[in-house]
Structure formats: C-alpha cells, structure tokens
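So, here's a batch of structures to check.
Look at the two complexes coming up: subunit A is in both, with subunit B in one and subunit C in the other.
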Partner chain A sequence: MNLIAKAKPKDYKSSVKPIWCPGCGHFSVLNALTKAFAALGIDKDDTVLVSGIGCSSRLPAYVDSYGFHGVHGRGLAIAQGLKVARPDLTVIALGGDGDGFSIGGNHFIHACRRNVNITYIAMDNEVYGMTKGQASPTTAADWDHSKLTPHGPGVRPFKPAALALASGAPWIARGYSGNPNQLARLIAEAVEHPGFSFVHVLSQCITFCPEQTDWKAVVSEREAPALTDADAAASLFLHENGFQTGVLYNAARNAWPPEQVERQSTDITEGFRL
Partner chain B sequence: MSNQQLGDFLAHSVELESEARERYLELAQAMIAHHNTDVAGFFNRMAEESRLHLEEVAEIAQDIELPGLKAWEFGWPEEESPEAVSYEAVHYRMSLRQAMLLALENERAAEKFYRSFADASSDGETRHLAAQFSAEEASHAAQLVKMLGKLPPAREHHLEEDDQPHMPE
Partner chain C sequence: MTGTELSIAITGAGGAGVISVGELLLQAWAKEGGRGLLRKAFGPQIRGGESAALLKLTETERYTAARQYDVLLAFDWNNFTRFGDEIRIARDALVICEPACDPPPEVLAAQPRLLRFPMARLAADTHAEGRVNMFALGLLGRLLGLPLDSLEQLTLQKLKAKPEAYRHAAIACISAGTTQAPDCELSLPKMGAKGAWYMSGNQAAGLGALEAGVRFVAAYPITPASDVLEWMAGGLEKLNGNLVQAEDELAAINMTIGAAFGGVPSLTATSGPGLALMTESIGLAVASETPVTILNVMRGGPSTGIPTKSEQSDLNIALHGLHGDAPHLVLAPLDIADCVFTSGWAVNLAQGLQTAAIVLSDQFIGQSTAVISEPLRCESQVAGAQDNDNDYLRYRLTDSGVSTLAIPGDADQRFTADGLEHDEKGTPSARDDDHQLQLAKRARKLTTYNYGNAWARVQGNGQVALVCFGSASAAVNEAADLLARQGINVRTVSLRLLAPLQREQLTAALEACNTVFVVEQNHGGQLFQYLRGMMDFNQALHSYSRAGPVPLSGHAIATAVAQEVTV
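Our next item is the complex of A and B:
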C-alpha cells in the first residue's frame, strides 16, 4: 500500500493536544494546514510557523515543525524578518482577527505592500475569544451578544480582503473552516505562491458567537478564476457579502527584495567637496 | 479498469475511516480538556470502532496500489468525508445523547456513501466490498440506535456560556 510511505497529515501534528473549545473552527484550520503540508510534501525541518497572541495563535504548538509564539500582533513582523534572513525556509504567519487587524493592523498593511514571500493565515471569528468575547475589528456594528457592547460596537467592521488589496497584497484567498479540504488546497496554493499570500479564513467561534454556525448556509465557492485586475477585485471586495471562498485575487508582482541594479561606485567625498 | 475502480474505492475507504478515527480522537481529547468526560469516553469508543474498520480495510488493500490522492481530490458527497464529525456540530457542553445522535448521523452517511459506491461500480469486487462496508456501517448505526434507547430520557440541556466576562458595577 503506497500510502504508508508518504507523509500523512497526522505526521505533521505535534504531541501537544489542542485545548480549543470543541466546535471551534481553528481545529479545521489545523487539519487543513497539515493536509496541505502532506500534499506538498513539506519538509517540517525547513518550515516555521509564527503567530501572535490569541486562541488561533496557539496553532504552532500543535504542528511538528519549528514555531514561534510571538508577541501580540507582531507575528507578521517576526515572520518577514525570518524569511529575509533565511529565504530557504517556508514561513507561515498565523493569527486571529484581533491580533492581525487591530493590534497588528499596521504590520498587516505593510506586509501586504512589502510582499515578502510568506503566507499569512488570518483565522477570523469576528471576536476576541481568548478574553471571553469582546468585539474585534471584524465584528458587525450591531453585534450585541456581548455584555461589553450591549448595543453592538457601533463601528463598521474591516473588510480584510479589501484592506489587503488596498495595501498592495498580490494574492488573496478566502476559505472556510467548514470546508477543510478546500481550505487545504487554498493553503497549498498560497504556500506555492512566490510572494506574500493572504488566506482569510472564516473560522467560527461557537462559544461566543453561536450564530456563526449559520455560516454554512451562506458560504459559497466562487466559480470564476482569480481576478488579476485590481479595479475589478476592489469592486468585488467592496460589494460582495464576504462569504465567497476561493482564490479571489492573483496579480503578478515581484516579491521583496527587488532586484538590485548595480550602480557605478562613486566617491562619496566628491559630493561634499566645496 | 477494474483495478482502478477497486483502488479508488479502497483509497476512499482508508481516508474515510482514518479521518473518522482521528476526528473522534481529537474531539475526545478536546472534551477531556473541557471536563465533558461522558462525551469524551463515547468519542474514544467510536474512534476504536473506526480503528477496527480501518485495520480491516488496510488488510484488504495491502497488496493493491492505491492512488495517492490529495485531500481535496477525494470525491465526497459533501465537503468532508462522510464519517468525520463536522467541527461546528459539536459543543463542549453537548450531552451524551447529542453526541450519539451526531455519530448516528455520520454512520448513516457512511452507509449511504458505501452503498452509492456499490451501486455505481461496474467492477464486481468493488461492488461486493462496498456493499459489505455499507452493511457494516448499517450495523453500527443499529447498535447506536439501541444505545440511544437505553439512555435516560432527554433533559433540557443548554449550551450557553455560564462564565460571562466580569462586569464591575
């Protein structure tokens, strides 16, 4: 049986067992990630997962590769630094919506424009789950399920795909924790993309947002090929319902660092001569 | 052609049983972490059932070249393999009855999947094995129905979070 010889998804899991709430979408992301690794035949010794803080940021501990459970919102900064120093490694940054779009929001937009060859998986459940259910940057304005925001946060939520596009991200996909096999394919494609790839995952928190179990009914796979035109993608991201999955945008752009053109050496003292 | 059908069928069967086993083990572990020992015990038992079925499939498949399908290349009727408990269907406060009903749903989905494979196959051996596996899933479902019948009557069960954030007056 030839399957025995190949690495299986479970071979990429560590001996540390997740303590996420049963029903949490992050289990599915973990499974999708290990399925993608198995499909790509990723060498775990050449792979690093970097995260910030939050429920989702626990994920590197559950994977048998190198991992860095970093500072809140700083996963992307660490991941980019690592990739620039060690371009031979496969570097994946992970985190949640609070970690990525609020505390780490500035790192997110600059990672998009800088276009270092890493993958960023944002596990978006529209809530701060680890601290027991506060509104996050992607929470709906009228979400009144928390005693901390009894009338809803009252501010418009970020649209992560639109934010990524406006910031210069060249590759944007959206997956759903209810479809881990499709998500595995998206992650595999993201890892293979030669530049910054952003995978926005709708990952439900059934503990603090039980209404998210209804996502299954509204999530749909986008049949059309990935858009390559930024104007068309902007129109899509601003007007869609946020529940379309697939590779949504894929534009050719050279990854950082740009090719350096050798300049003729000049005598710097000449420029200062009086 | 026949070998291809059989190989394809067995690859699906191996994946179905492995995923079911791993999912039950994963959820059992998570239930233990959240002190729901009744459901954890039940999920562990279901994982053991899947392990036994996986061993049976692996033995049949040991001399057969199986296609190395990627996770997204399997032809499941829904998003996931039929016997894998859907992540969003569980809750750390779920009752044993709810867990059993969920497992029953998955056994029936697996039974249906194997039966449809038997109906669609033109290869005799594949048809025979698929019908056999379907019957085994049906017998698991019948056992679960019996176990459900022995449970005390359902009580009102709520899933809400009791431990709300601290709100100083």
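Our next item is the complex of A and C:
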C-alpha cells in the first residue's frame, strides 16, 4: 500500500455533495471514515467502498476512492467477491440496518461466518430512512411513528452484535455518530484487523427518528479491553443496552480463503483426452 | 442420421452403477475410434430411484437422443417401467435381463430377442464382492467387440480411490462377463479417427469459460448446473483462480459482479430458479457496465418443475426478465462441443462490451457426455476502448458506446460504479438528458458491434426453413435429413446469439424460403413469439414447440413439417 504523506481527511472526500438531511448521523460516519483513512495514510487507488441501497449506502460516491453502489442488501456479497478476487485491495462494505440486517441479512450472517478480510460498517438508525421512515429489524417493538406499522412493529429488534458473534464474526466494535473521533479510531482498527471486522454504528436519522438525539445521554465508552472469550461476549451482547461503544470483541481466527499454493499442473484439458 | 447407429439402454436402480457402465463402455468405444453420446436419465429421487445410461453409438458427431433402443440391458423391470415413454424398444431389439422376472408387455410387444441371463448370480459366483454392473460391462463390451484390457484399464482408473479388494472384484466380474457373453450379432457403427475428446456439455462450458480467462466463479448448487461448478473448482485451482460456494444465488451473482469490478473475468452458473433470483442484480451489471457471464443450464419449469430433465423454457426470462431497459447478451450453445465455443464467446463479449451475458445451455447437452473431435475455440475478442482524454470518465459517451474500464488499483481513474442512473463521470443523476444518453449508450454497445458469422449455424438449402436455438439444433438437423429423403429440402438456422437478435442476417438466411418452422423445447413457443415480435416474415410461419422432459425428436419434427408442407 502506497502511503500518502500527511494526507488530510478532506483529501479523501470527493466533489459530490451528499444528499443527506442536515444533521443526519451519516455525515459523521463519512467524516470518521476519511479521518481514519488519513490516519492510516491509505492509498485511494487501492481502496474500494462497496454499498447497497439506502441513505447510508450513498456514501461511496462521497469518498475519493474506487466505489461500488450496488443493489439493496447485496453490498457485502459484492465486497467479498471483490476481495477474494483481488486480495491486494482494501475493501470496505457499508450500508444501513435495513440493507444489512433485513434484505441482506443472509449475506451478513454468512459474511461473519466466512471471515473474508474486509470491514463492514453498518450505519444503524433503526429505521428505513430512504423510503421515508418505516420500521427496520432494529426498530423497537413499540415504535409507532410509521403509518405502515401504526401500533409499532410489535416484534423484538435484532441485536446485531449478538447476531454477528453467533455467526462467527471474529472482530466486533460499536461506534456512535455523535463521537466521530472514537469512530475514526474504531474504523482504522477495523481496517487493520486481518479478517472480517464488523463496526456497528449508531447513526441517527434526524428526520424520521428525531428522538435519537437522546442517544447521547445513554451512549457509553467501554473502558475494558475487547473480550476475547465468546461466552463472555455472548453474555455481554445478549444483556447490554446496546449503547456501549468501543472494540467489544476480538478473537483470533484465520481469514478465508487461505493463501493459494502453487499447482503442479495447469493443463485443464488433460481429463478430456482419453 | 448418416451411417449405422446403435442405441443401448442400461437401466436399474440409482446406485446400482448403470451410469458407470455407460461411461466405461463409451470411453472404451471412443478409444477404438468410435463416436457416441451418453445421456443420463434419473428419476426425481436422490438415491435409489430409477436411473438409465442411454448410449447412442454413431458414425458422425451429430448427437440427438436415441428414438428407440436396439439393445436394452435391464437389471430389473420396476425401474425400467418408471421411465415410461422415455425409453422405447426397437423392433427385434436385443433385451438382456435376469431369468426370474418377465419383461413388461410394452417390451414384449416389440418382439425382442430375449436373452435371459443370470447376471447377478454369475457376478456373485465370480467373486464374493462381485457386482452385477461390472459383469454387465464385460458382457456388453464383448458384444461391442471392445478389448478386455482397455475395459479393465479404464475401470481401474475410475476406481483408483476404492480399496484393493473392490477393484479386484470389479476386474474379475468384467472378465467373467466377457467370457460368458453369448454370441450375438449386432451391426456396429464404423469407427472414426482415434484421439477424440470425451466430455460433457457442462464440462465443455466450464472449459470454454476458463480458456477465455474466467478466474472467479461464485455459485449456489442447483441441478443440473452443479457439475459445471464441480469441474470448474478443480480447473480454477490449477489456474490459481477462485470458486466461492455462495449462500444463495443473490450472493452468487453479486460476488461475481464484485470480482468482475476488480478486473477479474467472472462467471456464475445456475438453472431457472436461480436465474430468477439473480435478475435484479443482472440489471445492476448492465447499468453499472460490469462484465459478467451467467451460465444457465435449463431444466423443466416453472417453479421446481422437473429438475432433472431438460427443457428450453428459460428463454423468456433470459430475454425479458430484467426490469427497466436493460440490454444484455443472450447466447445458446448448439451442442456439447459448441459449449466450449459459445461459453468462451459469451465471456469475450461480456468482457469487451462490459455487460451481462446469459448463456442458455440445458440439461440435455449439459449432462450428456459425448465423444467429440477437439472442440473449436472462440478466438474473436472485442477491441477495447481507448480513452485519450486527460480527465477520466467511466461512462464516457463514445460512438461505439463502449467506454474505458478502469479497475481498482489503476492510478487516478477512481470512480464509483453505480446502478443508479448516472452521468458520464458516474455521479448519480436523475436528469432526463443523462438518462436518455446513458440508456442509448448501453443499447448502442450491443447493436453496433459486428458479431460476425457466429450468430447462427446455417445449413442446407430449401424452401422450408427450420429455425431453432441451442440444443434443439441436433434434432432439427436430423429432421432436415429425414425430410430430404422425402424430397423436401430444408434450410436449418440454429441461433447461437439470441440477443441482440441479428435480424438482417436472419432475414437474409431465410430469403429463399417460403415456409418457416420455429422449433423449440417448451410449451409456449417462446422463440416463436420472440421472433414474431422482433421481425417481419414474408414466409408462412409455424411453431413447433414441445415441452420436455422427453428430448426433441427429429422424427416427430419431420413428420409435423411434412404434414404441413405436403397438404
């Protein structure tokens, strides 16, 4: 990786102006990401941001790296295919809670299990922002602000960190759009982790969930080092309030696929000649 | 149908090893210079259902399914009868069966030469672990005049992972079958040149793709496409490529798109249900101009349909299944050998024109194995676009419609590929002019390219034309031969490139004809409807469409055509 000497976060921003509402948490994620890139001195030409569809998934166009804005829910699949084919690249997938845990839920659990060396940033605002405020898989059961579910979704929300752990993710962190400096550190660490790294970001939707400004009162920073024991992490993720930030879990596990060994034969037609 | 043909059906329970017998017989036959086709037919059960090795030994390499069988070796009658109409016995056929059970009436009706032979007992007498299928292999090998040492050598190679005792028993039974085989006269096809290849259409399609540069495959298992993947896994390993078994077809196509975006030629393989799941993302490949090849091995549909049997009923979804205006390529290989050419061509076109190519193979050619001359390769490459402007525009509007494709790692050509409509730079745009211009650009790429002569295989001359696509080609050409014998001369047009349809070339190919039959293996006449919608015909136009699972028959087509043109 070619390091850019003394690159500043703004050097990583593209000229495309974000479509986000003023006050949207996704701005902070963009800022944290470019800050992390500057801190790592990442080469823009060797970096790819991949996303699905949603307000959050618009982010790649706002960064001056290579990018792929795909279809709803499939960013993780694109990112894994890319990384397996091009292990030399730094690949970061990102998207929203609807994109990653609902329509793309199957890809999320399998990405955790597969452990390809990519980073996944889920920008969770507990709502479908782009389609104007419907409940998502992380919305509280009694959230009754959507006409589509006037009495609230009525089902328990997912716990993304618990889901990631159960699916085999080796590295799990949580950040908050209200603390972009910490988020930048988490993203930098995630990118450097040699395997699948999951950054769950509490990123408020100011338009459809203005009550999320109250998050700052409940968000806390974890002081203790990351858990390395899956039992302890399971107990934490099942019982916490979901507002604890920091690197929460870090277990050593070999990334997939393993390095290729040189082959003895490259003749692929030999089996067809009798 | 030129020269002598001999068709042999071997039937039994799944797991009884009838397919192995068919494979080894055809391999030994091929080693002597013989030509032939092995079709595998299975019931829907995973294990223990009926299974049949359907061999057709020929003098040419034009492979249609046998219409009726000159030799039947049935390990039992229960499994045989489950095939119903799929296996018909020729008059005077040689029927070999166990003495204990009587053949069913439909077999007896053909007044066969019955050879009741206690194969199971003789195999058991030969060796404690003796297997009846190996005894049958020896017996049939003898009837075909195949050298015993060749049968033994091929068998040992096939069983190389088995324990010593198992291999020993197999060899003993083959030898016993050979020595105890009764004397029977069979008229055998003449041998051709030695040194032929032996492969299935699925393997051929995989080979064509890898030779054209594919180094990444992601897929989800589905019959009858899984064996493409099984073969490609080994091939990719040799070439330091990668194969990912994805969690579903949605992941498979998107992983394929991701790898292709990284500049690595990529392919996914599937069948109807999987293709249906992939359609949204194939549209993404079209809109983002990411080259991908989708090999769709068709089976009976809709829904789970008849998953183990062949049909050409995914043409509609391949042509029209994408939402929005999403021009893309649709191709179909015409036979087993042509799977190498067509899948290679599809990869080259997808790469060069930066779009999605759907290849419509099917279970018949995909899972049949044939003896073929070394297959023709596709040499044609699309010339790349040259961007001499200083400021790089990923979706630059060019005359050809093709823009320079940068890949991650390229210095200073950074862009975000997008399924959202975009301007030349790739920036999302909902403006009318950007939408019109980008739609026209993506359509222009495909319509202005010169596809050359490979768009179809055109054969014969006559006032009657038979137009088909993909694997129907063999049956259509067989029908043409049969019609010629009745004095009806026929031109056949087997379409290899379905989209974009080469209208001018097709019109020219049909110029001297006054009657056109569109022949296909589906219920609704999908090709017929497509051609009617896309072109004007001066000829009387007829549809011959018959759904699977029974393969298209040249005889049935010829009868239908003769009836129509001789009234």
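Basically, the second predicted complex is superposed on the first by the 252 of 274 C-alpha atoms of A that agree within 3 Å, B and C clash if a C-alpha of one lies under 4 Å from a C-alpha of the other, contacts with A are read in each partner's own complex, and residues count from 1 in each chain.
Everything below uses one rule, namely that contacts are C-beta pairs under 8 Å (C-beta built on N, C-alpha and C of every residue); 3 or more make two chains touch, one makes a residue touch a chain.
If you're wondering where the values come from, they're calculated on a predicted model, not measured in any experiment.
Applying the stated contact rule after C-alpha superposition, one finds that A:259 touches neither subunit B nor subunit C. Of the two partner chains, subunit C is the only one touched by A:74; subunit B is not. In the superposed model, A:146 lies in contact with subunit B only, and not with subunit C. Of the two partner chains, subunit C is the only one touched by A:84; subunit B is not.
Within the superposed three-chain model, A:177 lies in touch with subunit B and out of touch with subunit C [touch as defined at top]. Looking at the shared chain after the overlay, A:65 reaches subunit C, while subunit B stays out of its contact range.
Contacts of A:223 after superposition on the shared chain: neither subunit B nor subunit C is touched. In the superposed model, A:45 makes contact with subunit C only, not with subunit B. Judged by the document's definition of touching, no subunit A residue lies at the interface with subunit B and also at the interface with subunit C. Residues 1-3, 6, 8-10, 17-25, 27-28, 32, 35-36, 38-39, 131-134, 146-148, 177-182, 184-185, 188, 204, 206-208, 210, 212-213, 216 of subunit A are the ones touching subunit B in the complex. Looking at the complex, you find that subunit C touches subunit A at residues 27, 30-31, 195-199, 203, 207, 210-211, 215-216, 218, 235, 237-240, 242, 244, 246-248, 250-252, 254-259, 261-264, 266, 280-281, 283-284, 288, 408-412, 414-420, 426-428. Contact residues on subunit B toward subunit A in their complex (touch as defined above): 11, 14, 18, 22, 26-27, 29-31, 33-34, 36, 58, 61-66, 68, 70-72, 74, 76, 79-80, 86-92, 94, 159, 161, 163-165, 167.
For subunit A in complex with subunit C, the residues that touch the partner chain are 16, 44-50, 58, 60-61, 64-71, 73-74, 77-86, 88-89, 106-107, 110, 257, 260, 263, 265-269, 272-274.
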